[in-house]
Amino acid sequence: MVPVELFLALGAILFCIGLYGVLTRRHLVIVLVCIELMLNSVNINLIAFSSIGPFANITGQVFTLFVITLAAAEAAVGLAILIALYRNRESIDAIKQDLLRW
Amino acid sequence: MDLIWIILYAVILLGALLGAVTYAILFERKVIGYMQVRPGPNRHGPWGLLQTIADVMKLLMKEDIIPTAADKKVFILAPVIAFVPSFAIFATIAWSENIYGADLNIGVLYFIGISSITTLGVLMGGWSSNNKYSLLGAIRGVAQVISYEIPLVLSIIGVVILVGSLNFRDIVFYQQEIGMWLIIPQFLAFIVYMISAIAELNRSPFDLPEAESELVSGYHTEFSGFRFAFFMLAEYVYAIAISALATTLFLGGWLGPAFLPGIVWFLLKMCLFMFFWFWLRATLPRARVDHLMGFGWKVLIPLALLNIVITAIIKVWMG
Amino acid sequence: MSAFDANWSLMTPEIVLLCLALLIFTIDFMTGIKGSKPFLGRLSIISLLITAILVVLTNNVSGNIAQVFIVDKFAMIFKLIILVGVAFVITISMHYLEKNSDVYQGEFYSLLLFATLGAMIMVSSADLITLFVGLELLSISSYCLAGFKKRNKKSTEAAIKYVILGGVASAFILYGMSFLYGLTGTTGILEIGRDLGALYDQYPFIIMMSLLFMLVGFGFKISIVPFHMWAPDVYEGSPTPVTAFLSVVSKLAAFGLVLRMFIIAFGSIFDEWSFLLAIFAALTMIIGNFIALTQKNVKRLMAYSGIAQAGYLVVPLATTLTPDITMSIIAFYGIAYVMMTLGAFAVITLVTESAGKEDISSFNGLYYRSPFMAIAMTVFLVSLAGLPITAGFFGKVYIFIGAVTGGMIWLAVIMIATSIVSFFYYFGIIKQMYMNEPNENDEVLNPPLSLSVMVTVAVTVTLFLGFFPGLVTKYFNSFHWFF
Amino acid sequence: MIANILTLLVFLPLAGALLIFTIPNENKNVIRSIATATSLVALLISLIVWANFDRGASGLQFAQLVQWIDIGFLQLNYEIGIDGLSMPLLVLTTVVTALAIFASFSIENRVKEFYIWTMVLLTGMLGVFVALDMFLFFLFFELTLIPMFFIIGIWGGKEKVYASFKFLVYTGLGSAVMFITFIVMFFKGAQASGEATFSMIQLAEVFANPANPEVLTSGVRAALFLALFVAFAVKLPVFPFHTWLPNAHVEAPTAASMILAGVLLKMGGYGLIRIGVGIFPDQATRFALLIAILGVVNIIYGALLALVQTDLKRLVAFSSISHMGIVLVGIASFTASGMQGAIFQLVSHGFISALLFFMVGAIYERTKTRTISELGGLSKSVPVLAGFTLAAAMASVGLPGLSGFVSELLAFIGVFGASAEILPAAKTIGVIAGIGIILTAAYLLWAMQRTTFGPMDEKYSGLPDARPLEYIPMIGLLGFSILIGVYPNILSDVINITVLDILSKIGG
Amino acid sequence: MELGVYFTNYIYVIVFMLLGVALPVGALTFGRLLRPNNPYDRKLSTYESGIEPEGDAQVRFHVAYYIVALEFVIFDVETVFLYPWAMALGELGWVGLNGGLIFIAILGLGLAYSWKKKVLEWN
């Protein structure tokens, strides 16, 4: 039997990769993808807990469904905004988005 | 021990599929040929039975060209990505009451999920070629496929509501139980399914991504030799898979009069679908792209939703 | 009790609002996407009022739907605050949209209503899933709203920043929640709260980590330092009514979430996080107020001001008080905050839209151009600064006394000290209004009637609560806030 | 009528402000008359109170108590009343404000706002002097802040914005410290007695009760007292919290300077005596030396700086700092006469500094300069103004027969008579303070010599002398100064019992 | 052990996938032995109807493609909810039906909205 910790470790690694990407990547599409990665690490956690956690029950899987959906919705909105941004600025480089600074 | 059986099953199925594709291509050319009052391929072997094999041999010996401008890694990966899912789908198809591979409880979902990966292969192929025709073809193809995937998926929900299971065998057993093929209660879903399936398969009249007259050869313009062959293979394997799914969902799978074994009924029904695809190709002209997109979103999706609503109400009404 | 035999009538306000929002949405696209549609604005306000009435009517008794959706006094008050806030925001929007015809009006209103719905679900939820769905409904609508001027570079940039940081925040919250679920095997906040105390002895590290992750995520949503970086950028770039919405409704709703989460779910390990929150509150007040000093863009200034205000709101949560008293304090300040901030935003919208720029100098000589608006703005700013006799003052006094009662005198002192710092920038605007001459081309302002009415209401409430805070607080103190 | 007379007095100006609010901007004269009338009625009422004040009774008079806000654990009351300490200051406020309004008729821009703010300011000031609930006291204290900010910021001189912000932040900080202290006192009081209250009277009892030693340790009391001292020191102002004052006084318009110097500073002194000494008598005596030293520093420092000023108004401003030192020294002596001297000084300085500022304003209006070296020979060009200026300066120096003399004399008697336990180096302090007084004489006389006497500058030859309207504030303020100077009993009558009350707490 | 059966089914899936990868890899490797290899620049250049390829091919797409993609994401994810709902509808009864119908109604409204906004029009 695979211990739940392994899945959690996978989740943690994914989360960290995602966070690292968000913090370091300049291409905004990749940043959005990295956010998806972070959300998916959550899904791994939830599914792991839901099937082999200390209190395994179905709720975690239900939660995952919602997370997937909302992640998709967020990605959709994010991409739509990205398109608008690209049309305005001709660039989706995170560093160049600097109109708003104090 | 189990593993050996599994591998054996997979290998046999692979062999069968390769054979099936080989003759499906021949079948297509013959059918279209006769419909257009010409004999079709008839030089290699009796009635041209060896034609496709010759074609394959030719492709095998063609020079393998990867354009300098291409993104090499993605270019190499693309045909594989396109082929693997279309083959992996077959793991879960139940050919008859006793002949089946993975008896997944989420069979239908697995089918839908895995099959949509093929799209990725198409996109990768088109993009990595670094060719304008390829890219446009790929983008168009993807747009079409994903547009029609929704009505396809939605149309299946009607069946799922009635059966209450996603397992292929359960679906067939249910049809056995009510003594009726689901094509009758789910006729609307069947229509939607058929039309979206054609678009999913990029087949005529919805074969815009490969429109030779506009886009040379669509997303696989730059592919040659066996790489090209795998795109074609994936396409035909996928066509068979869609037919198998339709058979299971709407035509009662292996059910049929007892004088033939279940698997034969299954294959016959599949062939019927295959024939239908080829028939359409011979008959209908290519649709215009705006008609195509509009049709999917404005007609099929509302119809599919309507079907779901009706089915759900009936289901709950009947208890 | 399962969802099947639950008392769904508890959800009446939400369902009605959903229907009305969808109705407005439908009317909008059936009447053509473009064009001026003030009637939709009016309809939205009416919808909100209907919902508000329903909220009051259905809250006679506390209850819940399958331990997922709770109706209690906490939910009621927060919903009322949210609804009134959104009604104000829509009033502001109606003026704004008249000036900015490139915005799709109907969509704007319906998105605002959907966001409101999300906010209402958030404050009523007693389950991590419901809570998250509400939060995302609000957030995603807000992302769209922030980028609503899609031809405007600043607006889209604000939106993309908001999406990215909002997404990261959501991921943090969810990651924290996943552990909470894993350890307790449930997503119900009440059950988590019941089990957590015992579990903490077993897994202190994991629970603390989960809490920290959620704190980071929620910190983003309510923009407390050090998770505030997005707020100024987003506030500056967004259309002004959206800025108002974000800084008031969105923030308060997220705050409601934080309260429910921390008081109910994490209540049993209060000692572990209260000090951390206190430090965050202190940092928020200090940094928010000090950076605000340097701002020249009025929306940016309001953003930092809002950050500082969020710091004040965190203070009662970080102090040892009974939940009921904490809630009375926060609710009172919440009301005051809605009134003064939205009132200020109404005036800001009026002024910046007339001037065509968002620099503080657009307030020059407002007193000559519209004495009423200038006086109203003065009241709001004085209230925000926390001077008597305004709602903001009593709100702060209330928080302050709460903090002292709870034994956090140092926090209370920081609060007062940073309030003094805030005098500089709030009175800076007042200075512009009264002591500078109007700019060259500025004409007399003629605010539309609806905006004047709204500002009047806000001023009245701000002053009234300053004179007679007892009326409201007495009412609040009689509550049993949580289900 | 008599029962609610204080409430009437406090809120009358607010009503006046509302009335002015309804008058259109253009009717400047109507607005001026309303403001004048209001302030005069307020003056009249305060005089009625004065007349009805029972000079023989100790304790509070005209007291009123209404429950206002009840937030469960926090009760706030509208509790007002006056005693001998607040009575003279109340009259001072109404007099100075009324006369300041006369002095402000020359203001021509944004008249309406000016009078609205002045009226609000008047309410705030009166409220401070009658409030017995600390929270209410704080509210009124803060209420003076905003009007003054506006008055300085809108009608002030060149550096008005800087001055107004400096004023706002300094006094705001002072208020914040005060507020925090009040709240802590509230809690400590509640802890000690079990009864949560902001009432000064009740708190004084609680804090005086020796049965509460655990909660109200000597350290806590000391901290609270010092915090209060700092809070009021900003307003008074005490070195080193004084830097806002020169800016604010110099930039403010004449009328505002009069009110600022004449009344606002007194709020600091009043608060110190009323709350600081009233509630923490033991701590006040404990820190008597500190207070005295700060007072002396104030006197010397203010005087020295005044000595080097080139700007007449600035000089007057620094003289205010110097004079407020006397209040501190008087308080620190903790003798009847010292305390009386402090209160006398508050009142007398109110009249004198208001007059001085008025004179400076009047001179500036004519000569368009305040630089001492540019003035000169005013006695020839504008003899009446010069005369009154000289008189005011003399009063400030402490010429016998004028109020300044009485207050300084009382304060010095107090210092020299202070008990050694309370104020160890009383004699030294007295001597140094005396040197400060001599310095005062030096700078004022020198300034007078250079402005009023000496050769007349040609350009000042045709200047108009005092207008009839200007006579009212001049005569009024000087008159009060003389009245107190020649008949100090009129004031000490009222003060006496209260002073003795305060001192009785010290246990002397 | 039930979990054993459960996983056995997925072993099928894995085997199929591995075989799916093996076939193209094997065929291409085998093909290498047979096919000629004679690349030169002209042959390796991108095909553009016979003329010299011009500019970068990875051009910007028409915005309609993005919109289709977004629409797809929305509707596809919505179906994620419809599947479990459809499966369990038998047990859910009227409450479940109402919920699902509301869900579909909102979905339909969204579709109508995009229709009206001419998102679904190509070009």
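First chain written, first letter: the chains are A, B, C, D and E, and each begins at residue 1.
Just so it is clear, a residue touches a chain if its C-beta (ideal position, glycine included) is under 8 Å from a C-beta of that chain, and two chains touch if they have at least 3 such contacts.
Treat the numbers as computed from the prediction; the structure is a model and nothing was measured.
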item: Touching both subunit C and subunit D (chains); value: none
item: Between subunit D and subunit E, the fewest steps along chains that touch one another; value: 2
item: Chain whose Cα centroid lies nearest the overall Cα centroid; value: C
item: Most remote chain, CA-based centroid, reference being subunit E; value: D
item: Distance-maximising chain from subunit C - centres being C-alpha averages; value: B
item: Comparison of B-E and C-E (more C-beta pairs in contact); value: B-E
item: Whole-Å separation of chain centres (CA-atom averages), subunit A against subunit B; value: 32
item: Whole-Å gap between the CA centroids of subunit B and subunit D; value: 94
item: Interchain centroid distance [CA atoms averaged], subunit A/subunit C, Å; value: 26
item: Distance between chain centroids, defined by C-alpha means - subunit A, subunit E (Å); value: 20
item: Sites on subunit A at which at least two other chains make contact; value: 73, 80
item: Every chain pair in contact, whichever chains are involved; value: A-C, A-E, B-E, C-D, C-E
item: Subunit E partner contacts - residues on subunit B that touch it in the complex; value: 2-3, 6-7, 9-11, 14, 60-70, 79-80, 83-85, 87-88, 90-92, 101-104, 109-110, 127, 129-135, 139, 143, 146-147, 149-150, 153-154, 157, 160-161, 164-166, 216, 221-222, 225-227, 229-230, 289-290, 292-294, 297-298, 301-302, 305, 308-309, 312-313, 315-316
item: Interfacial residue positions of subunit E with respect to subunit A in the complex; value: 63, 66, 69-70, 73-74, 76-78, 80-81, 84
item: In the complex with subunit E, residue positions of subunit A that touch it; value: 65, 68-69, 72-73, 75-76, 79-80, 83, 87
item: Interface residues, subunit C side, partner subunit D - complex; value: 325, 328, 367, 382, 387-389, 394, 398, 400-401, 404-405, 409, 412-413, 416-417, 419-420, 423-424, 427, 431, 434-435, 468-470, 473-474, 477
item: Touching residues (chain side subunit C, partner subunit A) in the complex; value: 128-129, 132-133, 136, 139-140, 143-144, 147, 150-154, 156-161, 163-164, 166-168, 170-171, 174-175, 177-179, 181-187, 232-233, 236-237, 291, 294-295, 300
